[in-house]
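Once you scroll down, you'll see the structures, which are given as structure tokens.
Note that chain A is present in both complexes that follow, paired respectively with chain B and with chain C.
After this line comes the complex of A and B, so read on.
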């Protein structure tokens, strides 16, 4: 385990250093990523000037939930880039994945460390700024339990969304080409989690509760942090289900991954 | 002209070859459309009309803007700058139509295929989920068509202009991303301009971006009527002329700087 971690950090730091080589271009990328993703929340903030709230959620509440999901997604996007269907598909097609299989190192670890995009930090910063605004405006009554639970929720979002990347990547073993519909669940899921779940049609709520349990990762915990009564039929205790839902998703994702790995046939490149 | 038609025909065929990609794109646009419609419905919270826009009109606005994503390449377009970096532009420079029209020809086919497969089809499917508002007269349809062609022209000129940064800097993709983030917000794609604060839509009126999408959508919805329609279309024509002139001017300056590596 210690050896694996050391290897992971070595491989990642090589990538970070090479990406930092072009300083100006790096900061441009950082800035444009922040602006691009931030403009969506900016538009929401502008429209709330006219409407006041969305389903009882004020600008501060919205900043809290959107910032949290954005931070979680961007950290995930950095850590799990290797499983990202788009880049993993390229590795399979070019035969780089076959090279990895020949090395005497755990294959999942290699995929994990095969790609680390430091410019995604821009999205994290953007999420952190929005989250900071939320903390300032939402008037949260902080308790020790809330302070302790917050990082757990963030890690749960990272793990849960990462599970979706791993599953999307696993499909590549059969399809080789990325299955674009997976983007609906990953990027769409992130968008979905940036708003209170009760605004969506019932079928969307059901899909993201029973099939892909994203509702437990962000919306239900947010109810607890913001002391809001739940509108959907969930008992308050489900606000604490985030780590369990995330662990289950990640467990199933890696089971699926090893299943796919056993059935992998090279493309022959 | 015949040459341009051939370019358009080729790009049309090329686009139709990627049918699964078209289908996946359609599904993605649909899903995000449903999410965005839910947000607007929650914002309206039962109000029948806000600043002259009813909830049905707001939902139709979402459907239209999602349907226009691919037609207007709202998320960005980097083909021209890529050809500058790869050197492929050398081949295009000796074509008879000139660089601007060569790329325009290539983009027409792509846009029209996407308008049908990801625009009209999306509207039809969206109609099963939500009540949509349609133009009520033949004349209104005609105005929509004229305005849509103009908005495509404005969109193409804007995208081409952003791509010309490629002549001056080796990393224009970052600049492009920023520019397209700005145009997304100001053209009314993210949220309808009419629902944003007054000071913001006033600010937007100083830019070509409302003419790139918002005007066409509002003419379709009928939230712009009579004289306003005429005014909006005249403004569109004006912006098209200005942007076209800027494209040709910048192109002329840029080509003088261009050095193509032999190899």
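After this line comes the complex of A and C, so read on.
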């Protein structure tokens, strides 16, 4: 475990040093992702300005939930980008994945640390600002339990969305080329999570409850923080299901990953 | 060191359809055909051997190498390398091997060579003292100093290959896999790499398996060759024995001042003649060079002569093209 951590930081530092070779592009990227994603929320804010609320959610509530998912997704994207189907596909095609298999280090650890997108910090910062605004506007009654649960929810979003990246990356073992549907689930899932689930039609709610359980990561915990009555058919206790849902997703994702790896080792590319 | 018995690898390939309707059908009801990339091969290698693994494209060379390096699991057969089954104990096994694939890089593009080597040190858990002494030695032998602090992306191909070799050997592997290590290099760079690899093989008793299309690499480095075609081993034995058996005719090119008689000699074929220079071909297995010359001198006054032997490359190409080895394999 200690050796794994040491190797993780060694490999991450390689990534950071490599990215610092292109400093100007790095800062441009940092700024542009921040502005681009920030502008999406700005547009929503302008609409809410006119209508007051959407399905009972005010601007503050919306900022809270959008900021939370944005922070979670950006950290996830920073950490799990090695599994991102696009970059993983490239590593498989260029033989870099085979090079990793030639090294005496756990392969998941190597893929995990094969990419580290520090430029996602821009997006995190943007998420944090929106989240801060939301906290201010929504007038949350902070309790000790809420303060303690908040970081757990954030970690759960990182882990749960990370699981989707791992699953999407695993598909590369069969398809080699990235499959567009995966982006709908990951990036689309994140977009979807930025809004309260109750505004969506029933079938979408069902998909993101039973098939891809994102509703547990963001929407249900948000109800607890914002002291909102549940509109969906969930008992209040499900607001605390986030870490369990995330752990289950991550577990299944790595089971699928091992299965895919065995397939890859029996077929090659 | 390496023991391969009845090893086979089959791939299931999607049957590509030439027509649009065909490729559409393939999308929903795929048809496959089996391809035997490696078909029941067996061989054994001793510690410290330097063997050339040859064959035309698609012969099954890289499939075998992928299995030997633990990247692929065979369909059937067994393979025991250094006391382990490569794909079963991957992390433990790869710690004891090194690999250089000419078309790929194990270094980090944007990092200086020295930094890449240090990262590899921690990945392979090489003790600091061992790392230092190895690096010291390789820096000298491979002349790395001129570019060791430059980022990998700025290196020439020859420099990069030298760095790759250093990277592949820092953890004292017992087996070294080389796949086209001199591809695209000039003569000087090729020679430097060959000398280094030969040194490692001799001094450290590292077992080396070399796959290459450059037969001058093979001629220079390998005593033993394994030739593969269509997944079968065509030949496994000494390179010299192969040459002795299949080498084409030797040629004597001579400049002469005068000639009597018809110019017909027993065992010698006149291949070319322009009145000043003539080329005679003969089978060196039946006729020695001095004997050939003395026969020629009975009728010809030789001013100058040159003996031309076919290159190993020609001999091997001759073997592939004429399928000379398709007769039952002959263990030398």
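The working rule: the second predicted complex is superposed on the first by the 260 of 269 C-alpha atoms of A that agree within 3 Å, B and C clash if a C-alpha of one lies under 4 Å from a C-alpha of the other, contacts with A are read in each partner's own complex, and residues count from 1 in each chain.
Keep in mind that, in the parts below, contacts are C-beta pairs under 8 Å (C-beta built on N, C-alpha and C of every residue); 3 or more make two chains touch, one makes a residue touch a chain.
In this text, all values refer to a predicted model and were calculated from it rather than measured experimentally.
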item	value
First (chain B), second (chain C), both or neither touched by A:11	second
Which of chain B and chain C A:204 touches, first, second, both or neither	first
Touching partner for A:229 - first (chain B), second (chain C), both, neither	neither
Chain B versus chain C as contact partner of A:36, first or second or both or neither	first
Between chain B and chain C, more extensive residue contact with chain A	B
Chain B versus chain C as contact partner of A:151, first or second or both or neither	neither
Contacts of A:54 with chain B and chain C, given as first, second, both or neither	first
Chain B and chain C footprints on chain A, overlapping residues	none
Chain A-touching residues of chain C, taken from the complex the two chains share	11-12, 63, 66, 69-73, 87, 90-92, 94-95, 97, 99, 101, 103-106, 108-111, 115, 119, 122-125, 151
Residue ranges of chain A in contact with chain C within the complex	3, 6-7, 10-11, 14, 17-18, 21, 94-96, 98-99, 101-107, 262, 265-268
Chain B residues within the chain A interface of the complex	20-21, 24-25, 27-28, 31-32, 34-35, 38-39, 41-45, 50-51, 129, 171, 174-175, 177-178, 180-182, 184-185, 190-191, 195-197, 200
Contact footprint of chain B on chain A as seen in their complex	22, 24-25, 28-29, 31-33, 35-36, 39-40, 42-44, 46-47, 49-51, 54-55, 179-181, 183-184, 188, 191-192, 195-196, 199-201, 204
